[in-house]
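In the two complexes below, subunit A is the common chain; its partner is subunit B in one and subunit C in the other.
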Partner chain A sequence: MAVPPSQNRSLARRLFGRWEASDVAPLVSLAVLVVFFALVAPGFLKPATVVQVLKQGSVLAIVSVGLTFVLLCAEIDLAVGMLALWTACLCGFLFQRPFAAGPSGAGAAPAWAVVVAIAVPLATSLLLGLTSGLLTVWSRLPSFIISLAMMNIADGMSRWLTKSENLNVPSILKTIGNRGIEITNRFELSYSALLAAAVFIVGHVVLQHTRFGRYVYMTGGNREAARLAGVRTGRIVVACLAISAVTAGLGGLVNAGRLNSVSLDQNADLLLSAVACVVLGGTSLFGGSGGMGRTAVGVITFSVLKVGLNQIAWIDDLARPLLMGLVLMVALVVNGLLSKNK
Partner chain B sequence: MTAPRPPSDSRRQFLHTAAGAGVGLTALLAGCARQSGATGGDRKPLRAAFSNAGLQSTWCKLGKDTAELWGKLLGVEVVWFDGEFDPQKQRNKIDLIVDDDWDFCCFQAVQTDSLEEPVRQLKKRNIPVMSLDTLLVAPERMREVGVWCEIMPDQVFMGATSTRELMRRINGRGKVIHIGGLSAHSGAQGRRKGFETVVAEFPDVEVVGGGVRWCDWKKQTARDTFDTLLDQTREPIAGAFFHSDDMAIACLPALAGTPHERMFITAVDGQKEGLTAVREGKLAATTVNPVCLIHMTALVLGQFIVRNQEPVDIVPLQIVTPGPLVSLETGNLDAMSYLADPRHCLV
Partner chain C sequence: MTTLSQSPLLECREIGKRFGGEVALEGVDFTLLPGEVHGLVGSNGAGKSTLMKILAGALPEHAGTVCLDGRPIDLSSPQSALRHGIAMVYQELSGIGQLSVAENLFLGRQPTTRFGRIDWWAMRKRASEQLAELEIEVDVERRLASYPLVIRQMVEIARGLHSGARVLILDEPTSALSPPETRRLFELIRRMRERGVAVIFISHFIEDVLAICDRVTILRGGRCVDTRDTKEVDKHFVIHAMLGHALDTREVGYETGASLPVRSAAPPLLSAAGLSLPRAFEAIDLAVAAGECVGIYGFVGSGHQELVHCLAGALRPATGQITVEGQSLVLGSTHVAVQRGVALVASDRGQTLVHDAEIYKNVTLAHLKQSVGNWLARGRETAIATQLLERVGCRPVAPLLRVRNLSGGNQQKVVLAKWLLAPVRVLLLDEPTRGMDVGAKEEIMKLVAEQKRAGAAVVLASSEPEVVLAHADRILVMSRGRVTREFAGVTVDKTMLMRFA
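== the complex of A and B ==
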């Protein structure tokens, strides 16, 4: 039976009516990248590439979830990379204490010791995030400044704690970082990607289906209006920075597991990559606009770019960072322009 | 797969190295004894400023530990200035100390030439400066600027030695991966040169991904790159050469469950973690990058120059510290593990 044109239009409006150019732009960037790499990198379109994108993007995804909360309420957390490092360093440090590693340092850690070696560092990252948030609200200084100081504190504590040593981490982290569920003989869904997906889903539910989530958008959209509407904006900022710190810590733990140990050279690029992912997805740096779905697209786009560039053999290796920067810049500018046209 | 016996060169090389180390230690102890005799057993305490690239790296941290350990033994107070892998920060720190009282200084510049001016200032005050690992200035300008001696490993040799062992393991054919350090680092370029020189002798060897992949010494970057390269082919990749043990060890878990599980991996550094990985059979071999020897030699040389009042003309412009290949078959694993032990800091 033919559908009348008026019904067709209303169906289209129902399906796509809420979509705007700024919503579609990140997906267009991703599609263009996929087509580009499919053309220039033989073997790009295969399951192994998807496995790599998920594997290499999972740490970034976990950290980006927390950062999305912070950016949505118009703040920034510059400490995510160093908080990730701190959490992993403390985990490695605790894991090598006699209570976990035994007196000789080579014993099999009991389950409770592994839990302590993972939970305590995460709790400290939560505390550091709360501290950043409370100081931001109390001092009325921009979170940019406070988190800059926190970045240095976390970096300094990591150096002091590890004394530049490589530290071992619990084997459960190594399993999460390196293993997965084999779907087919060529497609393995990594545990880290599953964990990232779980964090994304929790983040999405909190943002879209709770009062707290609505308050985050209100605080970022217009803080004064939110305050006049009865939202305790200070508490929202503190909570968002705390969430960001915990996800950063979790990302740091997964990363240390993937790399088999923790050392001070890890997570240095995590902050900028995570910010790039969130913004690539279309979340506004000025707050109030964006969401987890967008961040997911941003993370996938960023990972596709990284994996795709590595697959092109004919590029001079020294030109890869330049290409990465150029493509990122184009994608961000296009997203920005489309958002302005909204 | 049964690997063939190593060439007798490896054993000879190890014996030479061990003999060299023995001669060096004897000379050191003899020098100290002579000095004690000359001063009636009362050595004048010395003060030395040290700086290397950045203590975030285990290599540099081990260098610091070495200098401090041997400083205590030789009566030299070592004051450390962390380069923080930032030429500007390192320069700022060294600029601040050029007017202080030092008997000698030992610097590994984060970037060649970045410390030229402070070294000139130290030269004006007749303070000997030793260059560690990375060139402070170009070799032809060393003495003019005020660098007494450059103590460095043979980067090309280290790259070539590990690569030759890799070629031996894979019988000179198949696909290999080449993961590099920082392209701007002279040491990484030397290792690349060593790798490429050896691989050029084997026409049946193909480098996956078109050549070296620079990963800036970062484990994360190395792992991402390695993962992607592994997925380029289902045909087993025969081997991989890494510019550092740290990067190699971070990539080992990527092999599990892939067609490349039997891949041979060689690397460079040969310190605690690398030697442990060799012992556990995870790394096929590693070539020692003698961080302790470099820092110890600089310290020992500095105190000789000062205590013996040696003129610059008799000090060699360059000292190349030896670094042997270590594998389960070379027979030097236990010795190297002992020498590399942080309690001894000897290699």
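== the complex of A and C ==
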């Protein structure tokens, strides 16, 4: 039982806080991957790779922020992928109504119509998240079951609404998804990455510096203890699932923008990728430990893996998903083992 | 029926067991005759459960020998105990509620067809026959969980019997049963006796022991004090033998008694009326004044612990009303209770602390808004926590340490520190010092006394008579969910408390 005496903390400790194996493990995994790809893929250590990682990772990052809240309070939200799809579909649907597209269907949409086409879908996603949360708390069923049903509902609503058509989305989403601020002529900081960073920072501040954030951790750490201390743990769970639904919706909008339209094949693997990112960063699936910094590391690791594998030219395209899965499994197991040996 | 000329079925000689340096059992001799119901009594820590665990094969390393039919037997695992025909029915039942009664009865030894499939038809038929034989009337196809506790116990006993048990050990079988249920269980035990099965009946309820047992063995401090025919003794005798008179306990003075002050005339700060919680307690009325400590004494399972949890909002009573300072509380809401200054200190720290979180986060959890405000900053929080940890005497004073690294006593101090961040109006204690060393016990109770002097209404529930005698101003005794006696303004001792429990 090592007791850190608070009076003689070293400077390093004061700057970085207390580091444990579980904090370092995800960073080590990331470093190993970077070194590996630098050796194997000649073009890897170039600004273009960073641009790509940031762009590819941003949708995942936005969704992972909400999912981190859910996992921290020891619940799960399986609906994130389909909520992302639903939000984007509704956005596309609204955007093609006459109020936005004009009577001929080709006019420039007025600004208020764009706002409606983005805000209303996000609000419906929030509503669906609240529904999942309230049902989870009220029925005392695991959120696994409730959000599984919600996943199917969101998927079904998307199909019914779009009739399997490709739908156009507002140009502002396309700009966010594809453009950025040019910093040098070879390095462009994409708007989607900036948006993801903003969502991350908000998430981090809420978790670390608000009472709500503390209650999320304590509810996940020991729900009964939190309840006995007067925390209304039911509300915390509902709020986490609602947050997760909103970030999922936002991620879906950005993804549709990146792909210039919305179609039913989008976001199919978003859920599992986001769970992998959060857990890869070292946030526990059982609640109470983890945080936004870790999720950020997880998202970057995941994106580096994806981009890096694509840069190795001699791998058969059809073998890439298999390799992705294998490397992911190794990384998860190694991180998991390292963080257990505290 | 039980003469000493009969040769014993089971004989324990010179049984001893130590846990670390603590002596749990020393030189215990114990004989069990065939077809005998043998009671085993003793206060907490007398060694009853240790002895039974040895017999059930759960503690292979012990001193002394156990003989069955005069031959020493090996009790190195629960399986070997079962092979020798020793079966135990634990207080927490081991039956699987989701399975049917028949499946539970044949758990691990299902009849199979020639092809290795479970023969459901034969299983149901034999289960019905076996239960009918013991006059246990149940539908064997229904799930075990749909039956009340007494039926589940009886099925468990039947299972032990039909797996060939000759010695059945029942651990506190009546503690959660109503009187008619107890009578049903006793009938079954008598039928077992007629079949020549020997039953060891462990209980805190002396009346039950005297009602069903042929002989009774009394343990005290890990030694066997006496074995008597139950016809020769009464409750008074047994209690005296259990407690002894020349005890070298540290809580000296409470062996002879504690004189309680006259009940204070002050208006109640905390009051409860008509509280009932099914399977725990019924129609409880309670009034506690500011600066008063009411002790509630009862055996494990008599409902006093659940009562305290109900007062804190941790459990929701089915009926009744709780008021604090004249305003009624929302039943089952810890949030409202905490806002009104109701604090709960439970015996199980796993219920009240987040073990993987830092100490400071646990300390500030209940009153985060009042103490830290809307913006959480670690520096300010740890400063607040440090101050409180020093006040309650938690060692080490290291707010960044995780709670799991603290000893039990220090963890309980963290629980107290958590409540001290805001004025405590009602302090509810459920076995607050269970399993702690004497020093930690004293420190915890000193903090409680401080709150009492500051005007808190204190309720102290405990199954240890010493604890209530030492700290309560007024004592209620609970038995099977009801208050059986109130002591105020008189001198009471352990014997008197236990007589009403």
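Quick notes on this structure:
The rule is short, and it goes like this: the second predicted complex is superposed on the first by the 325 of 342 C-alpha atoms of A that agree within 3 Å, B and C clash if a C-alpha of one lies under 4 Å from a C-alpha of the other, contacts with A are read in each partner's own complex, and residues count from 1 in each chain.
Rule of thumb we're sticking to: contacts are C-beta pairs under 8 Å (C-beta built on N, C-alpha and C of every residue); 3 or more make two chains touch, one makes a residue touch a chain.
What you are looking at is a predicted structure, and each value in this text was computed from that prediction instead of being measured.
By the touch criterion defined above, A:307 reaches subunit B but does not reach subunit C. When the shared chain is aligned, subunit B comes close enough to touch A:255, but subunit C does not. With both complexes placed on chain A, subunit A has more residues touched by B than by the other of subunit B and subunit C.
In the superposed model, A:164 lies in contact with subunit B only, and not with subunit C.
Judged by the touch definition given at the top, the superposed model places A:131 against neither subunit B nor subunit C. In the superposition on chain A, A:96 contacts neither subunit B nor subunit C. Shared-chain residue A:221: touches subunit C; no touch with subunit B.
Residues of subunit A that lie in the contact sets of both subunit B and subunit C are absent, per the superposition on chain A. Put simply, subunit C touches subunit A in their complex at residues 312, 314, 334-335, 337-339, 344, 346, 350-357, 361-362, 365-366, 368-369, 372, 374-377, 382, 386, 396, 398-401, 405, 418. Within the complex, the subunit A residues that touch subunit B are 43, 48-49, 51-52, 55-56, 159, 163-166, 174, 177-179, 182, 188, 255, 258-261, 263-269, 306-307, 310-311, 313-315, 317-318. Every residue of subunit B that touches subunit A in the complex is listed here, in rising order: 55-58, 60-61, 180, 183, 209-214, 217-220, 223-225, 227-229, 231-232, 246, 249-250, 252-254, 256-257, 273.
The part of subunit A that touches subunit C in the complex is made up of residues 1, 3-6, 18, 208-211, 213-214, 217-218, 221-222, 224-232, 288-289.
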